[in-house]
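Two complexes are shown next, each including chain A; its partner changes from chain B in the first to chain C in the second.
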Partner chain A sequence: MFVARSIAADHKDLIHDVSFDFHGRRMATCSSDQSVKVWDKSESGDWHCTASWKTHSGSVWRVTWAHPEFGQVLASCSFDRTAAVWEEIVGESNDKLRGQSHWVKRTTLVDSRTSVTDVKFAPKHMGLMLATCSADGIVRIYEAPDVMNLSQWSLQHEISCKLSCSCISWNPSSSRAHSPMIAVGSDDSSPNAMAKVQIFEYNENTRKELTSSGGPTKFEIHIVAQFDNHNSQVWRVSWNITGTVLASSGDDGCVRLWKANYMDNWKCTGILKGNGSPVSGSAQQGNPSPSLGSNIPNLQSSLNGSSAGRKHS
Partner chain B sequence: MEKMSRVTTALSSSALTGHTMHCHLDAPANAISVCRDAAQVVVAGRSIFKIYAIEEEQFVEKLNLRVGRKPSLNLSCADVVWHQMDENLLATAATNGVVVTWNLGRPSRNKQDQLFTEHKRTVNKVCFHPSEAHVLLSGSQDGFMKCFDLRKKDSVSTFSGQSESVRDVQFSIRDYFTFASTFENGNVQLWDIRRPDRCERMFTAHNGPVFCCDWHPEDRGWLATGGRDKMVKVWDMTTQRAKEVHCVQTIASVARVKWRPECRHHLATCSMMVDHNIYVWDVRRPFVPAAMFEEHRDVTTGIAWRHPHDPSFLLSGSKDSTLCQHLFRDASQPVERANPEGLCYGLFGDLAFAAKESLVAAESGRKPCAGDRRHPIFFKRKLDPAEPFAGLASSALSVFEMEPGSGSMSWFVDTAERYALAGRPLAELCDHNSKVARELGRNQVAQTWTMLRIIYCSPGLVPTANLNHSVGKGSSCGLPLMNSFNLKDMAQGLGSETRLDRSKGDTRSDTVLLDSSATLITNEDNEETEGSDVPADYLLGDVEGEEDELYLLDPDHAHTEEPEYVLPQEAFPLRHEIVDTPPGPENLQDKADSPHVSGSEADVASLAPMDSSFSLVSVSHALYDSRLPPDFFSALVCDMLRFYAEQGDVQMAVSVLIVLGERVRKDIDEQTQEHWYASYIDLLQRFCLWNVSNQVVKLSTSRAISCLNQASTTLHVNCSHCKRPMSSRGWVCDRCHRCASMCAVCHHVVKGLFVWCQGCSHGGHLQHIMKWLEGSSHCPAGCGHLCEYS
Partner chain C sequence: MSGTKPDILWAPHQVDRFVVCDSELSLYHVESTVNSELKAGSLRLSEDSAATLLSINSDTPYMKCVAWYLSYDPECLLAVGQANGRVVLTSLGQDHNSKFRDLIGKEFVPKHARQCNTLAWNPLDSNWLAAGLDKHRADFSVLIWDICSKYTPDIIPMEKVRLSAGETETTLLVTKPLYELGQNDACLSLCWLPRDQKLLLAGMHRNLAIFDLRNTSQKMFVNTKAVQGVTVDPYFHDRVASFYEGQVAIWDLRKFEKPVLTLTEQPKPLTKVAWCPTRTGLLATLTRDSNIIRLYDMQHTPTPIGDETEPTIIERSVQPCDNYIASFAWHPTSQNRMIVVTPNRTMSDFTVFERISLAWSPITSLMWACGRHLYECTEEENDNSLEKDIATKMRLRALSRYGLDTEQVWRNHILAGNEDPQLKSLWYTLHYILFMKQYTEDMDQKSPGNKGSLVYAGIKSIVKSSLGMVENTRHNWSGLDKQTDIQNLNEERILALQLCGWIKKGTDVDVGPFLNSLVQEGEWERAAAVALFNLDIRRAIQILNEGASSEKGDLNLNVVAMALSGYTDEKNSLWREMCSTLRLQLNNPYLCVMFAFLTSEAGSYDGVLYENKVAVRDRVAFACKFLSDTQLNRYIEKLTNEMKEAGNLEGILLTGLTKDGVDLMESYVDRTGDVQTASYCMLQGSPLDVLKDERVQYWIENYRNLLDAWRFWHKRAEFDIHRSKLDPSSKPLAQVFVSCNFCGKSISYSCSTVPHQGRGFSQYGVSGSPTKSKVTSCPGCRKPLPRCALCLINMGTPVSSCPGGSKSDEKVDLSKDKKLAQFNNWFTWCHNCRHGGHAGHMLSWFRDHAECPVSACTCKCMQLDTTGNLVPAETVQP
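Up next is the complex of A and B:
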């Protein structure tokens, strides 16, 4: 089904992240060698490195694309405790750099005092926003008030998660049915630490009130759910496209699926083993869910669940 | 030499033991130094100067060297060094420029031995000669280095670095007479101790101050330097010109660097600010620290390996007033926490995957990976067997591309481009879309379109009921664009359907089916088509795909003959089949219960015949004969749309929504519709299908969506008098202060529709300009411009 195309990445150390852009024709890689490379797909389908530059003074953990509406913009985060925003400059090309695009650092976000482990742009409809999380357990949300000016970012929120954060993910849904949410996973290795996965939600109402009264545009963030059932480090969190199901993968080789019921209580709706076999959900301590876990079809439908599905189920 | 050998034997007889531990000091430490017996450590700072014994479980304070009532600046230490041959001898560098030596063998409480007050500013560093008992070297902020013989009162020689300040001085271990000094301006100098007049060699090592240097403990002539530019560089000093052999990039300016004993390629660093951690690097892997010690809460100021032949104990002092012993095995290893794999799904189904090569190789083992060829070159250097090194880690990057036609997203693009959403009668749209879907091999979708046509375009009853309904709805909704579309659509639909009605009189229902499918290609120009003309028209339409439809319809006709009169009674029970069969039997098998399907419906679904063509026939007949109003089905169609949306095929949901328009819109709540539209438009834009996306935006009935393409459209206007861009709003030019919207024909200010030429900025009333252009193509203002209006 797949044709493998091996690419001589020529990174001098481990590659930690690969990221396709919005249109799927560009790819960015980041590596411990402190550089980020941008690859463009040619007409023939080959990937050509069109830019490679040193981004940080430490391992670059993640690289992510902004929506193209904001230009060709990348964000990277690193062991060196910073996150950076990069913009591609199209312009004069001297002979030496022919075919090489030029990326300029627009800003460095230096608020973290430990390694910044993940960086993600918010969904487009929220404007130009960026979330970072760091090893000391703080999620930071930045906003560029002027989308034309990528060098000005204001720190909007600092959310303390109390555990070392490893990954972050915005709820992709643009539906107005629910407020924006952000999920955070922790790589804290102690098995009895609580809240390995947490979901935070913006309170849009508070925001409106405050902005209209001319006060600070800080809006309330409250924790929607926290899941304590992961017994190991959580490496990745990921939403389904409609933002109704959250998947988190852990060091125990299991993927756990979380879904809100009609009361907005988030529950574990399924556990998938790395080998593909589902684990009975009712085996979870403190989570008696009679209808869940035992039937796979239910699980699948919840995986594909749309916002409509959320209301009806 | 004799003493050195004793040290070695001391270690071999009783290997060092201990734990990771720390003790609190009274004040921040500036520097530490270890006694050669590895059992004591001296800590010096601005207001602390103590010796601690390193015991198994803890540090024990042995001696406080700060004696006397009046604190003297001579005791404010910037650096301290313990002689490596004489365990009673220490030297400190004071911030006031004094170099003090201490003799622990003195019987009195005050152990101060000698005082050299030769430097004018802070002494940054003191260093004993590694094999000479009485030679001490100092480097100061005033730019001078001085060599002292402890048997004499004054310095033996003074070396001028010709630079602002000396940050570090270190005697070479390899050459008896050589020492290295580093400077604030980025230079490193090599001196012969016998030649104070000029340096042997000088080179620029760093960009900015070089804070520290350390000679490799094994006899190799390697010098490591660390600077404010966050780099540690390893220089080979044996060659004529100093050659940079390694470069380590750290995350903060490097304050101290110390080679790790017994490990040829390891060195420890700590930073001067920001970063409180101590890192141990393998210089061959310059990007990722091999180990990291995170105990300190403030800047680490001094690091020392406990014993020159033991690689596992590291001592450190910090501004946070603690003294720590770190065990190498307790260090955190950033490499272990680094994520070795990256994965991303592309838009076209491409899967990019980067993984550590060792992982990939372990799995496949046969394919030589792209990065492998680097390894032989690397391993040419002889490796120290005592120092296991996995090799420079690298990742293999590959993109797995979908083979064309197997699950890649080309179907989405093709479908989006080829679907007809408006501008033709409903039946034609359905047929066209069904054909498109079938050609792309999406039979289930094709079937759905056919079903929709059957439901909504059954002859006889559609025109009256549906047209009225649509008009009523459209006007209340108040969207003129949609409204007109619907009317036009319906008008055409009415035309074709009444014609069908006419033909129905003398032909059977199966020919009607054929006829309506034929209208797809034979459009408006043959309005007068009679029932008898149909076959001919059909043959004229040369599209190949049409034949499929013929075949598909043919078995239907075969069926139609027998059960014609039985079916009316079954019409109601069969309703449920319609719900579930359009989504398709193949899907029902694996996703038996979608959240919407109640138990009873699911039961019916499983009982429903799996032969879709059969069910199609029965349904179509049920329709014809029972004369059910199309409204009757709208709930089911809505369920079908939700089903598609949930399956991830939001394209289908939106397309049907647009094509059916008012027929189903009222049954789906606004928010869901808006969500579908938004998702579909987002997808279209991802695939760069701007035209389709714009069409969808235009056809959408949701207010939030249809205003999408009205946002951020800017109109640039020039003043018709001064030809300058008009910056302010309104029609008054702020340069020549005249109204720019004068009609060039009647010379009145235009209110309402204003049309103007983009070339010369002149224009006027639409009617006037149109009239003028009938006679002349030149500008009515007389500017001579050949105006063009699009």
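Up next is the complex of A and C:
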């Protein structure tokens, strides 16, 4: 049984993204009110907002944490066509006394000509790297060659996806068995769009990111399970740390949790309404109305999975 | 209103009322039904709301359009536009003494009769009502009426009004509009611009026009077909939507020449377009004959300059009901709430949810954002109805030191919660393997052989390596006059049986101790079956009796024992016939296989070998006893492949810790995600070729990463220690080298290896222990080491006293304090300002201070590393 409780977020407009740091002790939220808030978890388990500042001059779509070995570093991206890297500064202001920490902008990445729709740090073994994707379909990979200097980022790769990109995800695996990989999702709704998810792999020899979707690939992709229970568009999905529980949210305003049993049969193990109230189960289950949006997979961020345990095969 | 297709309107102020209008006006009251039953006569709107009909007004025929009076009125004053162009004020209230009494029934008549298309109340001057009419020659099509013209109810006393009410209707007719606009044109839609009271936006026949009432001779207009349903965004007063057929156009009034964007065309003509009043940039549209409301989420602030700005629009659709929707209305205040009505007047009330973004934290709590709100959702701790996820299980197991019991390896399954038979089997297998390894190693010292590595290789390899042909011999059943063929046990088979746990080490092939241990654990059925497989039917019966008479035992075991005792060897006996059919109904697999064994033909034991519910180790032991070499090989091969495919940990018994075992573990990890068991298990396996396997390294790496993410740093360190014991190659290198300022040689060399060579080291400090090393100068060049910033004594000296602690470390003999005191002697320094000193001194300084103790240094050494300030999770949690 899952129980939800509300946290006073105090954002003045829609919240677009929630992101935990590596330890799950800190959380960042971003909103259409152009601000990012950082939350710290107290010993008692309550969340306290320890920083809130204006980050962009447009809706902030995504916020993401770097691995703590690079310090307390956030990246955000916005409708204002930029992505920014932020670092927490300790001890330089009196804000600590008020329980507020101080975040400074280390860099602004201005290469995109359109709204930057997602930003993600690479797995830590690759060093301090950052991937962004934008509405005009370009994935950009930046690297900070000196991890001590967060203000210098060089654009390493530019990959054109030919489709409006909406989300991006690194392969979390640090295995030496395969090169770094990025999956990019598109929300292009035109029916003749090509593959909506593209996977790029770094090729050591040519030092280029290669595409491996559309056409013959070395990866075999098969559907393990498919759920239509939202009866509408599915907006976001997220894996838990071991990749064994999947959470999804959809236009029906519900959050659903999915889990596989020992024979890979996936079942819904929990439903909650978006406002935290439990769903009276029978009414939802028996709803026979035909699914609407679900045949148009909308990949707003269906790719933020992370699987620690599984070997990539 | 066309009469057949109802429209729906929320009351602007009384938020629990709405009106449905088709040929008549019906006022409804909405109630929540969360805590109460549905009342008789009310209509269900949604799971938790229902509507009751308050009143019906059928005074106004030929309704074409309706608009609700915008300023507060308790009596629901409505303006109705009719097919003949007249606009009538009507009410759904019951109170006849209201101040609007005089307005009700008032009619506003245009010069020429034609259809009234649209009505709009002025949001600022509540008495102004604009009406848009069809074209009539050169007549005006937009008329603005002042509903209070002719007389004002405030001044006229009530008595007089009542008198006048008896007069003919003509007194209530108003024929002189305040303004007349749009000559020689038709008006299809209207809306007042909130920027100014006197600005009116009208969708005319072929253009959109902005009329300025301050100067009626002038108008701003743009030619377009999209003239229907003009509506202003309540959040951005310069943003306007209008539509034509299936296309919605969005306009920016600051650059009115062309639409800033047009939305994707829909196949059917649109009937209604409305901005959400409670949320920025959300436009709802409805087409004819559709059960979908399409929503356009314009997620950005419109800018006047950004010509090349690509607007970000997210299209969504909601389906409130299965029928076609006639009309919809946003709730004026409730967030994203909407009510829809179908042609047959069924209504439904629902909320359009915002897109929910969600994220899992490493400790399996889910956070999501819905609109402006955040919700956190955690698994309830003491809930046993649902099986816990492996992430939670691994966390709990890490806390209970799972995998770290190297003395009694089998006990690890108890540390894992003693709930998973596969884990139990795995750890017993590992236990036997390690046990046998120890034993064979001892043996090998006496007589060299190669069985040591075989132990790791699992039964599959052991069986394969058995080269000598085994002959079967007939064995007597004890207590029975019967003989059965049993394979002669060669060394390999004995080893296999030992790994299965049936017999102990050595050459002793007695299963007695094993039976006793099973009986002790209450596994009577299993014990009885094992006894029977060792041809001891009497012992089996005895065990079953014991089980029946014990406290937890099942009385039915007596019945089984009885059935067993009736065993007869005759082929066509009734006993045999009944047993072979009835055994399938036995629930316990061991009881089942006992009868399968007894009723089977010699040499064909499929009923036992392929009973999947029986533990693999028992089946394998059985096979070793009764199958010939070729049969056994084939059986083991088959079983191994089955186990590998299923990722069943019981199969580790067969594969051992070999590459096959890694394959099996891989499918187990793919299935469960349990990298913890995989890591610990593979570490136990010696041979480095297994540990070198990339997959094994990957599991270990991921498990360490998990422990780090959970802040189980102590557990991770314990794991690393455990790992380096079993896999010496994984020993980490030294992390820091401290070299002398002067000569550049490492000062740690002599510190660690030859502590007593420092003859010239000063005997500074008060340590009474002569064995303690004292290094206050570089062992290479004898130059002094840096001084502690606090005590100003050269480092390498023991800390003489800790503020707040007892005076010296040697007096306190509690081991914990001693350990800490040792730590107090350590060198520490800030990586930022390079100042430092004794760890103990530094810790006590920074307990009260933020800045470095060195004068004029403002470095906030302790706050620099935010991770360093995190507490390991194990110390917080129970």
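Just so it is clear, the second predicted complex is superposed on the first by the 197 of 313 C-alpha atoms of A that agree within 3 Å, B and C clash if a C-alpha of one lies under 4 Å from a C-alpha of the other, contacts with A are read in each partner's own complex, and residues count from 1 in each chain.
Everything that follows uses one rule, which is that contacts are C-beta pairs under 8 Å (C-beta built on N, C-alpha and C of every residue); 3 or more make two chains touch, one makes a residue touch a chain.
Note that the structure is a prediction, hence the values are computed from the model and not measured.
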Touching partner for A:13 - first (chain B), second (chain C), both, neither: both
Broader residue contact with chain A after superposition on the shared chain, chain B or chain C: C
First (chain B), second (chain C), both or neither touched by A:79: both
Which of chain B and chain C A:179 touches, first, second, both or neither: neither
Partner chain in contact with A:59 - chain B first, chain C second, else both or neither: both
Touching partner for A:50 - first (chain B), second (chain C), both, neither: neither
First (chain B), second (chain C), both or neither touched by A:22: both
Set intersection of chain A contacts, chain C complex versus chain B complex: 1-9, 11-20, 22-25, 27, 29, 31-32, 47, 58-59, 79, 173-177, 187, 235, 241-242, 300-301, 304, 307-309, 313
Sites on chain A touched by chain B in the complex: 1-20, 22-25, 27, 29-34, 45, 47, 57-59, 61, 79-81, 173-177, 187, 235, 241-242, 297-298, 300-301, 304-309, 312-313
Residue ranges of chain C in contact with chain A within the complex: 47, 279-280, 292, 299-301, 310, 312, 314-319, 322, 351, 353-380, 383, 385-386, 389-391, 394, 666, 669-675, 694-695, 698-699, 701-702, 705-706, 708-711, 850, 860, 863-864, 866-867, 870, 876
Of chain B, residues touching chain A in the complex: 230, 249-251, 274-275, 285, 287-288, 334, 337-340, 342-348, 350-356, 369-371, 392-403, 406-407, 590-596, 642, 645-648, 671-672, 674-675, 678-679, 682, 686-688
Touch list for chain A against partner chain C, complex: 1-9, 11-20, 22-25, 27, 29, 31-32, 43, 47, 58-59, 68-69, 71-72, 79, 88, 90-91, 96, 114-115, 135-136, 173-177, 187, 189, 232-233, 235-236, 238-245, 247, 249-253, 255, 257, 259, 262, 264, 269, 272, 274-276, 280, 283, 289, 292-293, 300-301, 304, 307-311, 313
